[in-house]
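Structure incoming, see below.
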Amino acid sequence: MVQLVPQLLRQQLAELAANDERTDGRSRWQGRDVELEVDILYNAEGSAKVVMGDTIVYVGVKFDTATPYSDRPTSGSLMTGAELRPVAHRKYEPGPPSPASIELGRVVDRGIRESGCMDMESLCIVPGESVWRVMIDLHVLSDGGNIFDACATAAIAALRTATVPAKRFDVGEDFKLELKSTPVMCSFTRVGGRYVYDANEAEELGGDERVHITLGDEGHLHSLQKGLKGVLMPEEFAEILAQAGVRCAELRELIHSKEA
Amino acid sequence: MVQLVPQLLRQQLAELAANDERTDGRSRWQGRDVELEVDILYNAEGSAKVVMGDTIVYVGVKFDTATPYSDRPTSGSLMTGAELRPVAHRKYEPGPPSPASIELGRVVDRGIRESGCMDMESLCIVPGESVWRVMIDLHVLSDGGNIFDACATAAIAALRTATVPAKRFDVGEDFKLELKSTPVMCSFTRVGGRYVYDANEAEELGGDERVHITLGDEGHLHSLQKGLKGVLMPEEFAEILAQAGVRCAELRELIHSKEA
Amino acid sequence: MVQLVPQLLRQQLAELAANDERTDGRSRWQGRDVELEVDILYNAEGSAKVVMGDTIVYVGVKFDTATPYSDRPTSGSLMTGAELRPVAHRKYEPGPPSPASIELGRVVDRGIRESGCMDMESLCIVPGESVWRVMIDLHVLSDGGNIFDACATAAIAALRTATVPAKRFDVGEDFKLELKSTPVMCSFTRVGGRYVYDANEAEELGGDERVHITLGDEGHLHSLQKGLKGVLMPEEFAEILAQAGVRCAELRELIHSKEA
Amino acid sequence: MMGGYGDIKLLNDDGTRLDGRAVDEMRSVEIKAGVLPVADGSAWVKHGLNVAVAAVYGPMEAHPRKIQRQDRAVIDVRYNMAPFSTSDRIRPGFNRRSREISKVTAEALESVVLVERYPRSKIRVEIEILAAEAGTRCVGITAASVALADAGIPMRDMIVGVASGKIEGVVVLDLDKAEDNYGQADLPMGILPNTGEMAFLQMDGDLSIEEYNLACEYNYKAASEIHELMKQALLDSASRGDA
Amino acid sequence: MMGGYGDIKLLNDDGTRLDGRAVDEMRSVEIKAGVLPVADGSAWVKHGLNVAVAAVYGPMEAHPRKIQRQDRAVIDVRYNMAPFSTSDRIRPGFNRRSREISKVTAEALESVVLVERYPRSKIRVEIEILAAEAGTRCVGITAASVALADAGIPMRDMIVGVASGKIEGVVVLDLDKAEDNYGQADLPMGILPNTGEMAFLQMDGDLSIEEYNLACEYNYKAASEIHELMKQALLDSASRGDA
Amino acid sequence: MMGGYGDIKLLNDDGTRLDGRAVDEMRSVEIKAGVLPVADGSAWVKHGLNVAVAAVYGPMEAHPRKIQRQDRAVIDVRYNMAPFSTSDRIRPGFNRRSREISKVTAEALESVVLVERYPRSKIRVEIEILAAEAGTRCVGITAASVALADAGIPMRDMIVGVASGKIEGVVVLDLDKAEDNYGQADLPMGILPNTGEMAFLQMDGDLSIEEYNLACEYNYKAASEIHELMKQALLDSASRGDA
């Protein structure tokens, strides 16, 4: 039973694809409007809310202090958690972190971490003794499709506007967290046989594999992830990679526009 | 199926209530006989057993030492755990703490903690370095109704007769844990439409919401909790609050009678 | 359904037993050929692989440093973990450690620990501050019967050829872990009403209780465990104990033959 | 008393509170319904600096079957504090406080939802606290009530979450963070505005009977104020065509 | 040997033990049946300073279905030490030792209960250790046997839990706490008093074959003494009308 | 930069790597099929110093029923690192990295197995890493493919796990441990050798588009080399009569 709706949906999506159309009238590489708000949550040292169609996510950044690893005595650390809680969709169930939520957190984390945008050495308090630990939490309130990009966008926006609460920890004056660049994620989903950018809920339900691409300021790749059942040819990847360059630049501009 | 018995039981309880009667012949505000024994368990530094009708509970008090919170360097700490283990009734299942057992532990804990009966400063060993941690464990062996009052009574009785095992921890001579007052809990359950005190197993099965009231020596409220489905009017609450004053005083007298 | 095959199998095993035969042609006290390899795993400081018929197990030994218990300031420690992971048989399910895997780990651990073969004092690094912790992990890849003996054999062989990685922990030069003796386990299963040594998969499926015996170099008992449903008479135990003496000596010789 | 609480002053000399409120004055409250596109019903409540969002899914088939009730729906409530909702980050996962609040909130909601209409089914209520500033359990109950109404679930009344407390020996309405940390008592209630019944009741600290009665009176007054905002939020949502 | 065990003397010069017992003398044992009102069967055993309570529920339907056996009942045993039962408090929850004891105890009880009489059903046996002073697994088995009998579950024999051990090179019956901590071997058994079979058998430490045989002999002697107390407890309970 | 990575030299002056390999040269690979007697299919892969074993069980009934799919089999993959497989022992149990790798590996395998042939069933794939030296997720995918073929599960192609990366600004094939620790990028892929499709794709670090293209090219070359070894292992196994 559960599988019948997707089958009908898949047919419908295939027909739309044949005409190069999408369920909501967008063109193949067109994203939904993105609303981004930053610094909106009391108690979070950095925060952002992203609305993309029916998708709503909040990201909060918190800090605490920790002992550094002995082989990196001056290096702070970064942790990204994701929760796909039952609030976000009928399909999510309570319980320990699902593989889907683990993947979300880890892919967003890798994009930020591997871009080198965060100077881990700048998070040292006392070498060998105390460093800042940056904790990003992705909180999806409404999953209307493409939560990866919504979360990644909110995460980097929250980081770029975050304040390190040094005063609360009695280690000096608060200061702005410094980011050297703005890694941005773009995700593509195979729908009706061909890839589209920023799939919505129906397109994800009736679609196949997806590819998450994180690009840095210079257009270099920092993170890739293919998710879900399905395969792709190298030429297909080359095509979406070219599109990603354009989409990431647009999102980067939006993120920068929110900075004071 | 499971729900049929309660429906018949509810009818029967409603008929009894109409005649102001109860299943075991008690009057509305009458409790079952309470047997209380203290200092009965080898290895517990304080212990008590309470029997109320078919309900049997043991409570043990243990101590250890811990580092105080940095904002309260001279303050000991208190922890109350409850286990509704499968031993106590056919209805209890093994597994992680159920919401019911968490509620039991937390409500008993709040009554004791909020009454201020325990001088947390008296539990300091070395300021900022070491304080006593008091650990109360509620262990229900037979749930014949009203385990809240049975546990709360046993808990305060076990505390009031507990010895701090300083010698075993190499920090001086053993001494009696000092309690400044005797907070007591009384619980009321709506059965057949009206509240009764100290519901038994059948009354709980066929009853509705219940109210747990903890009163201190002076008759002040220290903890309230409404549990289970159901609502009550402020006038109803006023009526049981008045009864609670009487019942709590009786239990307090019983508890004091067991102290050397 | 699930239970029908074992019933037929039990009949078949009873008939074989009546003729003093076994499914694979072995005599009652005859073990399967044992292949033992040691020092085969990159990253493990001690390792062994045992193949006994269709049973294949790997055991790895790792070390780390820890603070000793305050009442034994110069004593290292030993820990044995067992995983009956789904790789090893269709019957094993993922999830937290099953009672069967806990029993396996604990019985192998007790045999080694209680034999006194490991001089815990030789694992002291700095008295009261730092000692070696020896961690044995039993990893069953294929359960074709009698995994207890396979694991115990691999464990003691891995220990006896293990190197303490002092250099990696910056506390001196690597040295060979010293073992004073070679405790060996032999297991017996009731099959078709009488005990046999080294039961195979079919014999375990259609058999009853089993007895695990660990003997030291001098033939002393160091660990016993009766497992599974079933009872035995003291005379039966005496008979298998006598056999255990012979089998353990054979295995001990095999283990010693692999030492450089 | 080193580091004690005696030194914290919570009332101004003119009897007002640190943030200027009168003793019987609520923090500002803002309510929106229908805020989450994929939920069957939802609400957003800002109460002081608290922010709570509630989503409702269902009625749906109750599974696993052992949670089913032959004669009614079960209400499955999860009260959750987002990791970034508090000053110190909260680790996700098991949490005794959240479990207790989820339990008593579910029991309160089961007292007003017409659960008999949906035998063997389940109604999921998800309460997410995005920012916490004292009183989150009450804010969560208010949000859940509006979300249930927004989902079209029949109820015999709404529940309004409100709390009063005691600071420096004075009973006050709606404790803020400092008052909650350094105050002497807290009395959160879930009030049915039409019938005046209580579906939720907790209290801790120290209150005489008289103080309890005054705190209770404050709570009822606040409940009817908040109730107006709840109704307006539902009207606004309906007129946007989302309900 | 700093902090070693060699210095601990466990035998008096006259060959008796620190608490005055002879080498083949048990600690005092007290047994009651039918002690828990809501259980189908129950028992209380005090053995030395150990206190164990066992409850039996069932036979009942076995669920989830995957634990069902077509041809017999399963026995679901939980051996649990109360947090306050030991010198250092035990954290509730998962515990490898308890799991192992639960497993081997269940297997022992399945060997005597006529499980074939109750296909597809489950019998729950709950063993709670309220105070521990060495030998709790044996005390638990004894309590479980009495509770099963008190519940009217048919068995082909009882199981008596007993243990012997070795201290200062001497085999002794029924180790107490100091003897268990500083002794050289422990041999707990579950003995069927009528048939003489063993349903439970563990051992650790160091025993020669001869020492094993002597320890075994002590265990059988103690088992028949405890068996009398078990029977008397059931008679007493029956005559009170509880059984 | 104290303790930084800038000082680590990974390339020799002649352009070869520390272990003497050319930039486009793989570590040695050895593959065996049918190595586990009780599994339905199995494989053993040694790749450099990595050792992975994979077992396949099924197709079998999928339970619990809620994981069943009406129109196809589900593939249940567990990628697990043995506690002794790494320099610091790994605690058994929940692990975010393993969960993620299990998920993407399962998704890759579902892309090649003819899952439509086995509606409502489950195929279990167990990947055990016994020794880890960088690149285990790729070695695991290779082993899983061979084990599936060994089990006779129909597939439209195999998947070969391969990786390239970047060290000291140079793209190289098949990073070893030091190169993985101190390198600048890693691009693991799961390649279908017959169709040239990618069923698995991850990457982290820093790669320009040109560097990506070169790394990709290396991966395809290595995939066809490993594919030959996979086919030979299956032939050998079949000729031993195990398949």
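By letter and in written order, the chains are A, B, C, D, E and F; residue numbering begins at 1 in each of them.
Just so it is clear, a residue touches a chain if its C-beta (ideal position, glycine included) is under 8 Å from a C-beta of that chain, and two chains touch if they have at least 3 such contacts.
Just so it is clear, the model here is predicted, and its values are computed rather than measured.
Contact with chain A and chain F alike is made by no chain in this entry. Averaging Cα atoms per chain gives one point for each, and the point farthest from that of chain A is the centre of E. Using the average of C-alpha coordinates as each chain's centre, D ends up farthest from chain C. Inter-chain centre distance (chain D to chain F, centres taken as mean C-alpha positions): 51 Å.
Distance from the chain C centre to the chain E centre is 26 Å, each centre being the mean of its Cα atoms. Separating the centre of chain A from that of chain C, both taken as means of CA atoms, is a distance of 48 Å. Separating the centre of chain C from that of chain F, both taken as means of CA atoms, is a distance of 31 Å.
Residues of chain A found to touch two or more other chains are 96-97.
Residue positions of chain D in touch with at least two other chains are not found. Judged by the touch criterion defined above, the protein chains form a single closed ring in which each chain touches exactly two others.
Following the touch contacts around the ring from chain C toward chain E yields the chain order C, E, B, D, A, F.
Per the touch definition, chain A reaches chain F in the complex via residues 1-3, 7, 71-74, 96-97, 99-100, 102-103, 105-106, 110, 113-116, 121, 127, 209, 211, 216, 218-234, 237, 241. Put simply, chain D touches chain A in their complex at residues 36-39, 49, 51, 53, 55, 57, 60, 78, 80, 82-89, 92-93, 124, 126, 128, 130-133. Across the complex, chain B meets chain E through its residues 41-44, 47, 53-54, 56, 58, 60-62, 64, 81, 83, 85-90, 94, 96-97, 135, 137, 139, 141-144, 168, 201.
Touching chain A in their complex are the following residues of chain F: 1-3, 69-71, 94, 96-97, 99-100, 102-104, 107-108, 110-112, 187, 192, 195-209, 212, 216.
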